[in-house]
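Next, two complexes with subunit A in common: one pairs it with subunit B, the other with subunit C.
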Partner chain A sequence: MAGPLPLGSRLRRYGTSYAMLLPFLALFAAFLLWPLANSLYLSFTRFDGVNPAVFTGLENFAELAGDARFRHALGNTALYVVASVVLSTLLSLGLALAFNSASWPHRIMRTLFFLPSVTSSIALMLMWKWVLFPSEVGLANTVVHWLGGAGVPWLATPGLTVPILVLMSVWGGMGYGMVLYVAGLGSIPEEYYEAARIDGASTWQQFRHITLPLLRPVTTYVVVTGLIGAFQVFEAVYIVFRGTNNIGGVLDSALMIVPYLYDQGFTHFKLGYASAIAWVLFLIIFVLSLVNLRVGRAMKEL
Partner chain B sequence: MAVAPMDTAAAPARRARHEQPPAGGGRARVNRHLLRLPFYLLSLTMVVPFYWLVITVLKPPAELSRIPPSFVPRSPSYVNFYDPGWSARQVNPGHLAGVLQRFQVDFGFWRFLFNSVVITTSITVGSLLICSLAAYVITKHQIKGRRVIFLMVIASMMVPWQTTLIPNYVIMRNLGWLDTYTAYIVPALAKAFVLFFLVQFLQSVPDELIQAARVDGAGEWRIWWKIVLPLLRPALAAMSIFIVLAEWNNFLWPLVIVQSDEMANLPVALARLNSYFGAPDQQGAIMAGGLIASVPTIVFFLVFQKYFTRGIALSGLKG
Partner chain C sequence: MRRTPAACCTILVAALSAACATSGQKQTQQADQNAPMTLSFWSTGGDDETATFQKAADLYHQKHPNVTVKVQTLSWDDAYAKLLAAATSRTGPDILSGGMTWTIQFGARGAMVDLREHGIDALKGQAQPAQWESAVSPDGSVYGVPLDMSTMTLYYRTDLLKEAGLDGPPTTWQELVDDIGKLKAAGVKKPYSQDWGNLDWIGYFNYLYQAGGAFYTPDCKPSLNTPQAERALTYWVDLYRKHGAPTATVEGSDALDTGTAMVVAGNWIAKGIDANKPKLKGKWAMAALPAGPAGPTTFIGGRAIGVTSYSKYARTGADFVRFMYSDEAIAAVADEARKRNISYIPPRPDKIVGGSTFTPEQAQVFAQAISTGKAAPGCPGWDESASDVAKQLQSAILGKSDVRTALTEAAKVMQRNAG
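Presenting the complex of A and B:
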């Protein structure tokens, strides 16, 4: 700093500073901090959106604990999150290793796998529904018929809904992880591999002892952001599986946390109850973020 | 090479590696290609659904309910976009309306495209201006409380936005903003992630540049506009890609705040199309809508590919 300024100009400068911060701070407080506090309060109330909220203490949370639909949604989400994150991380890494050069065939392959990331997500969901749904004319069953199988009612078979959601998510998400891994691979110095080759290390040993450890920060990022994103799945359930009067599809087999939150809040207008669900989601993601910080710090110390 | 497929920041380093002969000679090279084979097969699963989408749009309604379905449209047509034989006055089962004719609002489906463009552009420009101002103050001004503010912003990145969905809906309703552009735009302007990213970027910019401008007598607003924003250009490009994609595809928030047909963005309009017209012979028009919704972001991607992948890599690895 250029030394202390006279009081008048200091005031003027700091006044400008706060004026420049104001738009961000005001919006941040109004639409994030205040709603966050408010949703915590609402989670302890019975609130239908029309009448004033009635404070009921822990009633919503007690009800949630005994709510079979909510437990079902949690279980489905956990299954979906684990399966989709494991599969898409492995495939992202595989794709990055397979197509990481700057040659044109590799660039075209990367573009193909990245395409879903830039296509309208609702359009993709509608496309999947059209692939799976009209059982007789859908693409999926046409392929099954070619292979000599009998047509499957994909969206109406409870055991298939979570696997289908996982497939849709992996299909749409692996290209994004691939781009991160390609960047990670590019930052590994070539000298490491040269030295390893001179020492007679096999391709597998090079991968195991150079590539994987140096990609660990990317892996942490891909896994944690993948987990957090997967917990918030909504569109796929709403567009592909929602029935006429049930958001979760057949027997709630596709029910997840956020669709259930939407259902309770905006179909049944139980805004207090929905806020309690929102706080459960917050706590899950908060814990994941802490794990992320921990892992990140541990990595740095290694 | 503006439209070259998928260039990345790290390309030169890899190009060098690619040109080196693989260890172990010819056999290792064959092995490597064999290892790639499953991924080439996997790429078929990327192409086929998109192909299915495109041929669905080209099939006239009668062909869409054929069993088994055709893989090459027998009589390609554009009726799923605009059906010249359709009239809103008389029901004619031979002619179903194209997607551009379906909605009884001014400008029909174009209105949703317009809405999406207005909303996405305002949020992108607005949030980059607001966040860059705040990032400039936090990194380059010695004011009290800046650390606390920054810490709060970082902490807030752990909050899933759905947690604030219900109170924000109540705020919009109480302010009478439901069903307006304001409800789309204003709550989306202060983005913690964008501020965080810009602060990180600005920290690597030397203070001397700004000090020199101050010595020359430039005011803070002028420094922000003339020096900070140009310096931030690569970071702003990376962030605008994230914001554009997220806002263009935003669905849950619009679903909650939009009531009239007029104010729907493309995702909400498509979801309504899907629930109003679900029959197989209507799918062509629904997919036509999906194609219209996807073209702008795909073109945006093809034009700015370099920034796309670089932006993703940057934010993923630094953040």
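Presenting the complex of A and C:
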């Protein structure tokens, strides 16, 4: 077996390829690696954006540990992430099973459900704001009035804010998951089902023992990307729930981690603190994604 | 997995670019003030407002042919972040306008010129005293001066009040609750609501000062732990809990249009009601807010204008700011605002009637409100405390805590942030 090529030969053989990679590597270093390293540094500093950063060690992280608003944002985000990821994954799968064929009606339905995923999120959030507008002006309350009910202050009722955010997220995200599941369903060989039917397996048994296990890679992907996206929810809170002076809505009931990060960094000039929040968020997402992948792998081995 | 660091990176990119751009240098070397120059003025607001200020800038150019001032729009939603990015990189506008306390914030960090160096504090005598006080930093620095004014009034449906047997709008707290009762008895389902500052400290502001209270003492000691503050909050909470004011904010003209009899809202809605809600024409009017036990104090807001410390034309910028207080600049802005049917109240109280874009009757109401006006506290720690104070007020309104506890908690936060 031939050993690795010496550096000189490798450069001669692959030099052009490396050179062509250089622009990408330069951009990658300038706009990803360098900023990441800097944000890590800033998370250990007190930095107001204008004056030079002052190194403060772990002060920001210690402050975060005792920050009730951060804990509140974290709790809200956890609730939101679990509800929106579980619901949108289940509904994505349900939609994919319902509109799986190549027939025109199914294609049209898939297109309709997928549309929110390719629409500007700002436009979608403004639409939701209009729907949930108080008084008879908003669509939701107009319907409530038609049904004889009294108007509901949707955005000013603390108990409704997280459910509304989950609804907005699931409605906007399930079409994307559906497309992935439809592709996953298409990759399962029909022979497996034929064999199962010959053996007398019911529809539920086929779904339980063929469809679900073979869709596991898709499920892992949908859950992990959904998790990352849900942890980073921003526009929905910023556009729909922000008050005159408060980014988190009434009683901070809609406060999530990224809007809180934005609030600290860009309205309170605490950019070092905001960087610390970003790194805590990164670690949470990183660990949860790892756990998710491990669980997916473990289940495969079962 | 690669998306995770990428996403975190996106969020942080502004912070990061800051790290390399910050120089720590406070004052930029000045360019020759007699050579041709173009100053950039970032105006927070809408395009219509930009056009009105551009008229004043054009007038300034006529008088100083070597100076061109270009006004650009910054939308309220992202203005603060954009100005912060500009201050960080020291490559932004020469002149900026934004929320009343913004220039204090940026100035405290070395991003604004203290306009006293250019004699701008001479404008003090022309400005509304409380608004001026709000624009000045606690240490006396003048990083920005009021560019315009906003205030709040009571908008009411004349037809609905008449049906309920009321001759005119309420003028005191007691009359307000009495009138709400009469309107309810006459079948009006929505007697009262609050547009701007609903469930927020701005909404409470009016009641607090009308009861003789204040957020801070004159020497900036938090003062929400007082009987006056308690009386004000009790009254305000009762408007929601006893008298049915909605907790959801409905824009003033929409509220009037959908049958609300009285709405507390900002001056900026007055110009659009007839145009946007033609059915309301002739059926609405405005009055100063009902007076409390200590008088009729009303909130005054507006925008501040200042010059950035990284401008190469600080002296000319300051001269332009001074020019914005001149009769001719105010007239130019008001003319253009009238053409565009937008709200404009000049920063000079003597120019509200005649120099604003409202009818003389409306301007009288605003002038009356402004004459008793107080502005947002410019005390250290207020900006950090505002959202927590609002949260405590909300907890009282939504029945999650009693008035005294809410105020005690709010005062504690203010005390902690006051340093």
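We take it that the second predicted complex is superposed on the first by the 272 of 302 C-alpha atoms of A that agree within 3 Å, B and C clash if a C-alpha of one lies under 4 Å from a C-alpha of the other, contacts with A are read in each partner's own complex, and residues count from 1 in each chain.
Please note the rule applied: a residue touches a chain if its C-beta (ideal position, glycine included) is under 8 Å from a C-beta of that chain, and two chains touch if they have at least 3 such contacts.
None of the values given here were measured: they were computed from a predicted structure.
Asker: Thinking of the overlay built on chain A, is A:R107 touched by subunit B (first), by subunit C (second), by both, or by neither?
Answerer: It touches subunit B, and subunit C stays clear.
Asker: Is A:T220 touching the first partner subunit B, the second partner subunit C, both, or neither of them?
Answerer: neither
Asker: Look at A:Y18 in the shared chain and tell me whether it touches subunit B only, subunit C only, both, or neither; answer first, second, both or neither.
Answerer: Touch status of A:Y18: first partner only.
Asker: Which partner does A:S135 contact after superposing on A: first (subunit B), second (subunit C), both, neither?
Answerer: After superposition on chain A, A:S135 lies in contact with subunit C alone.
Asker: Between subunit B (first) and subunit C (second), which does A:L281 come into contact with in this model arrangement: first, second, both, or neither?
Answerer: both
Asker: For subunit A, which side has the bigger count of touched residues, subunit B or subunit C?
Answerer: B
Asker: State whether A:F28 touches subunit B only (first), subunit C only (second), both chains, or neither.
Answerer: first
Asker: Regarding the shared-chain residue A:L261, is it in contact with subunit B (first), subunit C (second), both, or neither?
Answerer: Touch status of A:L261: both partners.
Asker: Where does A:S39 make contact in the superposed view: on subunit B (first), on subunit C (second), on both, or on neither?
Answerer: A:S39 contacts both subunit B and subunit C.
Asker: Which holds for A:P158: it touches subunit B only (first), subunit C only (second), both, or neither?
Answerer: second
Asker: Once the two structures are fitted together, what part of subunit A is touched by subunit B and by subunit C alike?
Answerer: Touching subunit B in the first complex and subunit C in the second, residues 31-32, 34-36, 38-39, 42, 49, 134, 136-137, 225, 228, 232, 258, 261-262, 265-266, 271, 274-275, 278-279, 281-282, 285-286, 289 of subunit A appear in both lists.
Asker: Within their complex, state which residues of subunit B touch subunit A.
Answerer: Its residues touching subunit A are 4-18, 23-24, 28, 35-36, 39-40, 42-43, 45-50, 52-53, 56, 64-69, 130-131, 133-134, 136-138, 141-143, 149, 152-153, 156-160, 162-171, 173, 186-187, 189-190, 192, 195, 211, 214-215, 219-221, 224, 245, 248-249, 251-252, 255-256, 266-267, 270-271, 274, 280, 283, 286-287, 289-291, 293-294, 297-298, 300-301, 305, 308-309, 312-313, 316-317, 319.
Asker: Mind pulling up the subunit A residues that touch subunit B in the complex?
Answerer: Going through subunit A, the ones touching subunit B are 1-2, 13-14, 16-18, 20-21, 23-25, 27-28, 30-36, 38-39, 42, 49, 91, 94-95, 98-104, 107-124, 126-131, 134, 136-139, 142, 145, 171, 176, 179-180, 182-187, 190, 193, 197, 203, 217-218, 221-222, 225, 228, 231-232, 234-235, 238-239, 258, 261-262, 265-266, 271, 274-275, 278-279, 281-282, 285-286, 289.
Asker: Which residues of subunit A touch subunit C in their complex?
Answerer: Per the touch definition, subunit A meets subunit C at residues 31-32, 34-36, 38-39, 41-42, 47-53, 133-137, 151, 153-158, 224-225, 228, 232, 243-248, 250-252, 258, 261-263, 265-269, 271, 274-275, 278-279, 281-282, 285-286, 289.
Asker: Would you tell me which residues of subunit C are touching subunit A in their complex?
Answerer: It comes out as residues 1, 3-9, 11-20, 22, 24, 80-81, 84, 87-88, 105-106, 109-111, 196-197, 199-202, 246-250, 254-255, 258, 383-384, 386-387, 390-391, 394-395, 398, 400.
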